Structure formats: C-alpha cells, structure tokens
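Presented sequentially are two complexes of chain A, the first with chain B as partner and the second with chain C.
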Partner chain A sequence: MAGDMKYKKVAYYPGCALEGSGHAYNRSTKAVGKELGLDLVEIKNWNCCGAMEVKNIDPKIQTYLSARNLSITEEMGFDTVMAPCNGCYHNLKKAEYDLDHDETSKEVNNRLSSKAGHKTYEAGKVETIHALDWIKKSIGEDGIRERVKNSLQGIKVANYYGCMYTRPRHIFPEKDQGPGSESTSKPHYMDDILAAAGAENVDFPLKTACCGGAHTLSDSDTSTKLVLNILTAAEACGADVVATECPTCHTGLEMHQIRAEKVLGRKTNIKILYFTQLLGMALGLSAKKVGVNENFSDARSLLKEKGLG
Partner chain B sequence: MPIHEKSLIRPEKLVEHEELVIEGMDVSGHWSTFIEGRSVPDYNENLQEEIAALPGGENIHRCWQCGSCTNSCTVNAINPDFNPRYWIYLIRMGMEDELLRDKDIIWQCVSCNKCTYACPRDVVPEGVMKATSHWLELKGHTPKSPSMIFDEAFSEQVIGRGKIEDGLVLREFYKRTGQPLAQPWLIAMVTGLVKRFPVIYLMKLGFATVFRPKTRGWARARDAINEYVEEREAANRKALGLGSKGAK
Partner chain C sequence: MSAERLTIDEIEQRADAIIAAPDEDLAPRAEALAAELLSMSEVILETWLVAKGQVPTDDKHEGFRLIALHRQAAKGNPSFNACRETCREAVYHHNLILHDPAADDIARTIRVGAMVVRHLALFIGGKLQADGLGEFCCSSRPIRQADAAKTETAGAMEA
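What follows is the complex of A and B.
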C-alpha cells in the first residue's frame, strides 16, 4: 500500500470545525501535506456535513448536506475527497452508503439537489478518505521514516481514534479486510504513522471509547466523566500525550480536562495533540508552524523537554 | 429471609412492615420485606408502531433481546439505569407507563454507535434512542431536552447559512437553556489560551463572529430543506395521532 500515489492530489474538505475551534488541525494538516509533497485542493464553496446534530432533526437532511459536497468534488474532477474531521468523514461515508442502499435517501437527495439547483450526487463516484488513510496509503511508514528529521523518540503516545472513525461498521466497507486494512475494533493507522515518526505507542485500551462529544455542552457532566476516564487511562498506560485525529474529540478532551479540574477537582497532566502536529514536528516543522500554541492543552514545555519545538 | 440483589428491584415495589408478628414470632423490619408483583393494567398497543414511524426507530421490531446494546453502552457504564435493551422491550410490549419512569434520561444517549456496532440484528439501537426521546417530546411527556435544544440551535445555522460558527452555537445554547455563558471552566479555558494566542488568530475569530461563515448561493438549498423539514414534522405528528403544530 505504501507509496501508492493515488492520493497524491486529492480534494480537501476541511469542514466547519477546522475553520473554528479545530484551526490548529487545519493548519497542521496543510503543513504536513506540503512537507510530504501531497496536494490538497479545497472543495469550492462547501457546506457543513450536518455534524452530529442535523440527523436528529431528520437523517435525510444530513445525507443531502454531505452529498452536496460530494457532488462538488465530482464537478471539480476529483474521484477522492479527504476529510480530516471524524464527523465529516463519517457523514460523507454514511451518505455514500445510504445513497447506495436506501431508496428514500436517494429520492430526498434527488429532490433537494434539483431544488437547490446543482448536480445530484450518485453513489460510487467519489471515494471519501480520512487524513490517516491519506498519509498512510500515499507515503506509508517507510516514506515517513525516510523523511523524519526530528524523531519523536522518547515521547509516549496514547492514540485516540474516537467513535465516528470506526462505527458503525457497515459504512466503512474497506475496513476489516485483512492485513494492511484498518481495523474497526483496534484501529492502528495513527499508531503506525506515529511509530514510523519515532514515537513510542503505549498499549491503550480506550482507543475507540467515546468522549461524549455529541453532548459536550448539553450533558457536560456525562462528557466530563467520559473524558476523565480516557485521560486517566492514558496516564495509567504511561503516556505523555494523547494523539487525536478529530477536532471534536480533541476540543472535547481539552475542554473537559479543564472542566474535570474545575468541577470535580480531578487534575490530569497529560497533553493533547493532533497527530498531524506530532508528525509535522517529526518532519522538521516548528511547533508554531503546526499550531501547538493554538491548543487549549499547553504542550510546549513537554515538547521542549523532549527536544521538539 | 433478606432479599438478595435488592438494588435490582424498584424501591416502590419493596414493601416492609415495621412491626409484624406471625404466630408469636416477631418478624418486624427487613425480615418481613415483600416484593410486590409486577402488574400492567394498561398497554399502549401502538407504541412500537409510533416509535418505528419516527426517524431512527424503523428497525425496532427486529430486536430479539440479546442485550448486546446495553452491554456495550457508553452511558450504561456510568449510569446503570440507562438500559436500551430494557426500553426496547417495554416499547415492543407496549408498556408505556414503565417506559415513562425513565423519561428524563433517555435523551442522554451520546450516539457513540457502540450498540449499533454490536447489534446482531441491525436494530440500530442508537436510532431507537433518538426516536424514543423525540417521541417523548412530541407527546408532551418531557420538555425539549438540552440535547434537542442544542441540535436545533446547530441545525438552524446549518440550514440557514450552510455553515456553522462554533462560538455562536455555544452562546446560543447557553442562552436558550438559560445558563450563564460565564461558566468558571470556560473562563479558565479561554484565559489560559488568550495569554499565548497569536494575535492573528484572535482577529480571525472576531472576523468569523462579525462575518459569519456561510456558503454562497445557499438560499435555494435553504428553502428546499426548510420545506422538507416542515413536511417531515407534519408526517411525524400525524403518525403519533397529534394535531398540527399550531393547534398544540
């Protein structure tokens, strides 16, 4: 799989979070892409995928919202779109599945697309990939090893993937397909990438646990408990850093780390960084260049101590 | 004899006589604890159909009660009363009164999809939880849950402009739920960041607040979606035997 340059130039769907609270993820993803010689072309005039919320008003609207972005991707002449946010990635995948399997979804998408005045997206035209697929399948571990300038050696990482990257299984037909493919029960792409960059991955059992991101504000007490569980488990595994690949998980972990301290009096010292920030620094980019100072979780002194940034 | 696993029995079903003497023997206190039988005086025979008519509930009839959903549930692990398997059973049996005892926690499903992942029958329990909390609100058994208030504030932005601004969602949610925006933990979060924030990003944030992010030429999509939402709302209300929204 490594060295497969199919993903050298792909359409890029950042999504709303990466233009707001997940700004550092956007910055570091673009910086890493540039460093690795991978081209990202942002989808023109994209719209929100519906996140976790619109489906609770009606799931078919979410299908339409995601399909509109896929339709633009196709119009721009791309057959692959990369979404770094788990929520966006999940929704584009779900729209693809629903448009392929559910007649009502197809009808509603046809109707809304024609009323909105753009081309109707049909299943099978565009492949949606995550930032992890993008790096793992185009550059691969060997490619990363060759390019590492500043190894992450000595940094112990707990890789946290969250819910939307792997569940439910049926919308990810390419996963669980044997060697080389991603696993939905024990995902490993982020582990592979960061290990190639020199990091020491700890055996972390809560890789796909839930951070309560959907209720981060509406049921904050539950979210705080869930996040605290993840952070204390990562600390118990000996990790210095939780690496994330989703802006909602990332911000949720940061917010509720602070909330756990303020509300429950439970302080955790572990730092939270996007995997693209860690990878970027390994490739020789400065901490500032990958937006480390924009994180709520202040990892600067830890990184200095480990000889990075 | 004392009752084992007392925690599994609803407290109102436990009857204890403070003073009871049987054939000259004093069996007062917990020696005379009885469990009242579970009797259901009234079934709602339409309950399963009503839940199935709402988005997410379509596959509820497929459940064979294996309990994989509850076993894998994120929320169940921190609150044992949160029990999707049990609620699906009650809905399928039409035991509305018993379901209503848990009406204030059903909305707390975090949509982690572990249940949907584990379910061997494609029930999509996550969808059933959403349909059930939607049903509780439409029927007037509960007020709008904080989750629904958040979903609405969020969706209004998406449908209205095509994109969201996360700061506005946060402010709008606290306003609608009557909570102060100045949560101590939020203040701690923001002050920690402002100290080391690049000025350029603060400017960008301000820019997003004044010029809200939006998708160009969105008006036609907005109108089409709003029309569809109204249509679905009317269909949902009709399926539950409720009048139109204005008549409520």
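What follows is the complex of A and C.
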C-alpha cells in the first residue's frame, strides 16, 4: 500500500476554503508534497463543490457540481484527484456514489453537462482521495520516518477528523476493509502519519464528533459549546495540540475557542494545527513555510519550546 | 443519582458537575458514576425518540441499550449517525471505568467519559433546538428533500 506510484502525481482540488480561511492548509499541503517528492496538479477552472448550501437546496445540483470537477480531472488525464477539505472530499465521493447508483442523478448530470458544454462524467473514471490517503499511501509511515529531520517527539496530539471524513459509510467503500485500510468508526491515518513523524498521539474519544460547523452562524452558542467540549476533552486527554485535516473544522475550532473565552469565559490553552503543518515542520520546513503564522491559534511559543519554532 | 427524570439541560449540568468534581469525590464512586453516565446517555436518546413520536426500545444491541437506541434513532435518518461514535465512546468509557475502578487515573477516565456524555447532550440538544430550520448536521439530508427529488431546480435550469 505505501509507496503506491499511482498517488505520486495526482490532480489537486483545493476547494474554496483553501483559497481563503484555510490558506495555511493549502500552503502546508503543497509544501509537504514538494518536500516528499509528490506532485499536485491543480484542476483547471474548478468550481465550488456545492458544500452544504447547494446540497441542502438540491442535492442533484450538488452532484453535478462535483461531477464537473471530476470531468475536468479526467479531461486533464488524471485518474485520481486529491481533496484536502473534508467537505470537498465528501461531496466528490458522494457524487461518485450517486452517479453509480441513482438514475435521476445521472440524468441531471447528463443534462447539465451537455448544457454547460463539457464531457459528462461517468462513475468509476476518477478516484477521489483525501490528503491523508495521499501521504499514507504514497509515502507511508516508513517513508516518513526516513525523512524526518525534526522529530515531533514530546508533542502530544489529539487527532480530530471531524464528521465528514468517514460519514456516511456507504460512500467510502474503500474504508473498513481490514488491516491497512482506514476505519470509519476509529479513523487512524492522521494518527499513523503523525506518530511516524515522532508525535505522541493521545487516546481521544471525540475524534469524529460533531463540531457544530453546519450551525456556526445560525446557532453559534451550540457550536461554541460543542467546540469547547472537544477542546477541553483533548486537554483532559493530555494533548498539547489538536491536529486537524479539514479547513472547516480547523476554522471552527479556532474561532469558537476564542468565542468560548469571550462569551462563556472558558479559556482553553490547547493549540490547533493542521496535520500538514506538523508534518511539514517534522520534515524540516520552517513554521513560516507551513503557514503557522496564519493560524488564529498561536502555537509559536509551544513549537519553539519543542524545538520546532 | 438516577438519570430517569433529567432533561437534556439537566444532564449537561450534571456532566459539568462531574467534570468539575475533585478526584477524591469521583474515585470512590467510580462504578456508580459509570452506570450514571451510561444512563444519562440513554435518556438523551430517549428524549430525541420521544420528541420524534417514537417509543424508545428496551432492546439491547451488542449488549447495550444505548447502541440499540442509537440504531432506532438513526433508522431513516442518516444524519443521526453523526453521533454514532459518540454513543460507542460512551459505552467504551463505561466499560473502561468498570474494567478497573481502582485505577490510579480513574478520576480522569470518569471526567473524559462525562465529556463524551456532554457532547451527546449538546449534539442532540442542538438538533432538537434546530428542528424546523433543517437538519443539524453537515451530512444531513437536504431541507427540501421531497422537492429536490423532483429535481425542480435542475428542471428550471433547463427551461
């Protein structure tokens, strides 16, 4: 599985968040890829995946939007697209599933693709992977250990995957396939990658728990309480850092950490970093190179203390 | 303490109290607290089911009523799977406490278990509050699923 040449050069779908609030994730993902000798080729003229907003109004349109990105990927000659955002990853996988199982989705996709003047995407032509799959399957833990220059030793990490990386189970047929595959109930790829980079992962019970992201604007207080609970649980488990692999989760954790202090008077000291930032620093990249200075959660003193500043 | 008559808000407050309690209050009552935390988790799901007009099951799945209640609530409602692992973690922490109630770090285990229950309370409480505004979940079914099935929007674009 590790060392899979198929994933050495893949199409890249950053999605909208990585061009805005998740810029540090984009930056660190690209920097890590470069350091590991992996190529990312951004999809030309990509569009929004439909996120939650379009899906909540018409899921067939959402399927089409993701199908268009998959169509462009195929037209560019790629059979694999990597999406580092859980929302984008989820929607591409869902489109793949719907186009394979739902006649109405196929019909709408045919109609809109024809109207838009591009090739109609057919299920099975492109494999969607997450940034975690990309690193785990192309480089693997042994490959990471060989390349580590600044071990993450001494950093205790609670790995937070969020809810969309593994749900709903049926759109991720490659998961839960036994040893080596990702688990939908206890995901571990981020744990594996960061452990290989020297980090000490803590046993964290809320790694796939809801952060209230969908209601961050309409019901901010619930979102703040959910995030606060995630952060306090991570601290209670002994973590210094919550590692994230999704820009929405990451931003939600950062923003509601600040809001919890302001609105609820509850301060948590745990730092929030993208897993690509931690991995990048372990590979010898500077904190600035992986965008640590762009995070709201200021981890610089912790990283300096651990010899990674 | 029985969780039988507690509301979700009261469960949240009870979880807060357990989390804030000193080690010496928690450790001697580890087994009772394990049972209480599991019972509170069941009450949270019962509250959801009753609000949805269902009769909460008394069955057990994998040896636990909580898992059976989750399965009942998730039937036909995929967004409810967003708390599947939280329910399983509640069972896991119950078992972990009972596995070695005299463990040196038992108070910490109880507190983390209470945080799991608090998360369940917050999630289900949020879902109940937001009902009518749409599903409280990123993986939810769409608000206008019935309309969407007719692909009205797609039809409109075609027109």
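In this text, the second predicted complex is superposed on the first by the 309 of 309 C-alpha atoms of A that agree within 3 Å, B and C clash if a C-alpha of one lies under 4 Å from a C-alpha of the other, contacts with A are read in each partner's own complex, and residues count from 1 in each chain.
Assume contacts are C-beta pairs under 8 Å (C-beta built on N, C-alpha and C of every residue); 3 or more make two chains touch, one makes a residue touch a chain.
Given the structure is predicted, the values throughout are model-derived calculations rather than measurements.
Peer 1: Taking chain A as the common reference, can chain B and chain C both be placed on it without clashing, or not? Answer clash or fit.
Peer 2: They clash.
Peer 1: Once the two complexes are aligned on chain A, which partner has more residues of chain A within touching range, chain B or chain C?
Peer 2: Answer, by number of touched residues of chain A: B.
Peer 1: Between chain B (first) and chain C (second), which does A:179 come into contact with in this model arrangement: first, second, both, or neither?
Peer 2: Once the two structures are laid over each other on A, A:179 reaches no partner at all.
Peer 1: Just chain B (first), just chain C (second), both, or neither: which does A:77 touch?
Peer 2: neither
Peer 1: Is A:50 contacted by the first partner chain B, the second partner chain C, both or neither?
Peer 2: first
Peer 1: First (chain B), second (chain C), both or neither: which does A:265 touch?
Peer 2: Once the two structures are laid over each other on A, A:265 reaches no partner at all.
Peer 1: Just chain B (first), just chain C (second), both, or neither: which does A:112 touch?
Peer 2: So A:112 meets both chain B and chain C here.
Peer 1: Looking at the overlay, what does A:236 touch: chain B (first), chain C (second), both, or neither?
Peer 2: In the superposition, A:236 contacts chain C only.
Peer 1: Between chain B and chain C, whom does A:104 touch in the aligned arrangement: first, second, both, or neither?
Peer 2: In the superposed model, A:104 contacts chain C only, not chain B.
Peer 1: Just checking: does A:219 make contact with chain B only, chain C only, both, or neither of them? Give me first, second, both or neither.
Peer 2: Touch partners of A:219: chain B and chain C.
Peer 1: A:68 in the overlay: touching chain B, chain C, both, or neither? Say first, second, both or neither.
Peer 2: A:68 sits against chain B, while chain C stays out of touch.
Peer 1: Superposing the two structures on chain A, identify the stretch of chain B from 152-160, 188-196, 206-214 or 224-232 that clashes with chain C.
Peer 2: In the superposition, chain C collides with chain B along 224-232.
Peer 1: Identify the residues of chain A that lie in both the chain B contact region and the chain C contact region.
Peer 2: Chain A residues touching both partners: 52, 55-61, 64, 108, 111-112, 115, 163-164, 167-169, 209-210, 212-215, 218-219, 222, 225-226.
Peer 1: Under the stated contact criterion, what part of chain A meets chain C in this complex?
Peer 2: Against chain C, chain A makes touches at 52, 55-61, 64, 87, 90, 104, 108, 111-112, 115, 163-164, 167-169, 185-186, 205-210, 212-215, 218-219, 222, 225-226, 229-230, 232-233, 236-237.
Peer 1: List the residues on chain C that touch chain A in their complex, please.
Peer 2: 19, 78, 81-86, 88-89, 92-93, 108, 111-112, 115-116, 118-119, 122-123, 125-126, 129-130, 133-134, 136-140, 142-145, 147-149, 151-154, 157-158
Peer 1: For chain B, which residues count as touching chain A in their complex?
Peer 2: So the residues of chain B in touch with chain A come to 55-56, 74-75, 78, 108, 110-114, 116-117, 124, 130, 134, 145-152, 154-155, 157-159, 162-167, 170, 173-174, 184-185, 188-189, 192-193, 196-198, 201, 204-205, 208, 213, 215-218, 220-221, 223-225, 227-229, 232.
Peer 1: If we count contacts the way the header does, which residues on chain A are in touch with chain B in the complex?
Peer 2: Listed in rising order, the residues are 16-17, 19-21, 23, 45-48, 50-61, 64-65, 68, 108, 111-112, 115-117, 163-164, 166-169, 184, 209-210, 212-215, 217-219, 222-223, 225-226, 254-255, 258-259, 261-263, 293-294, 296, 298.
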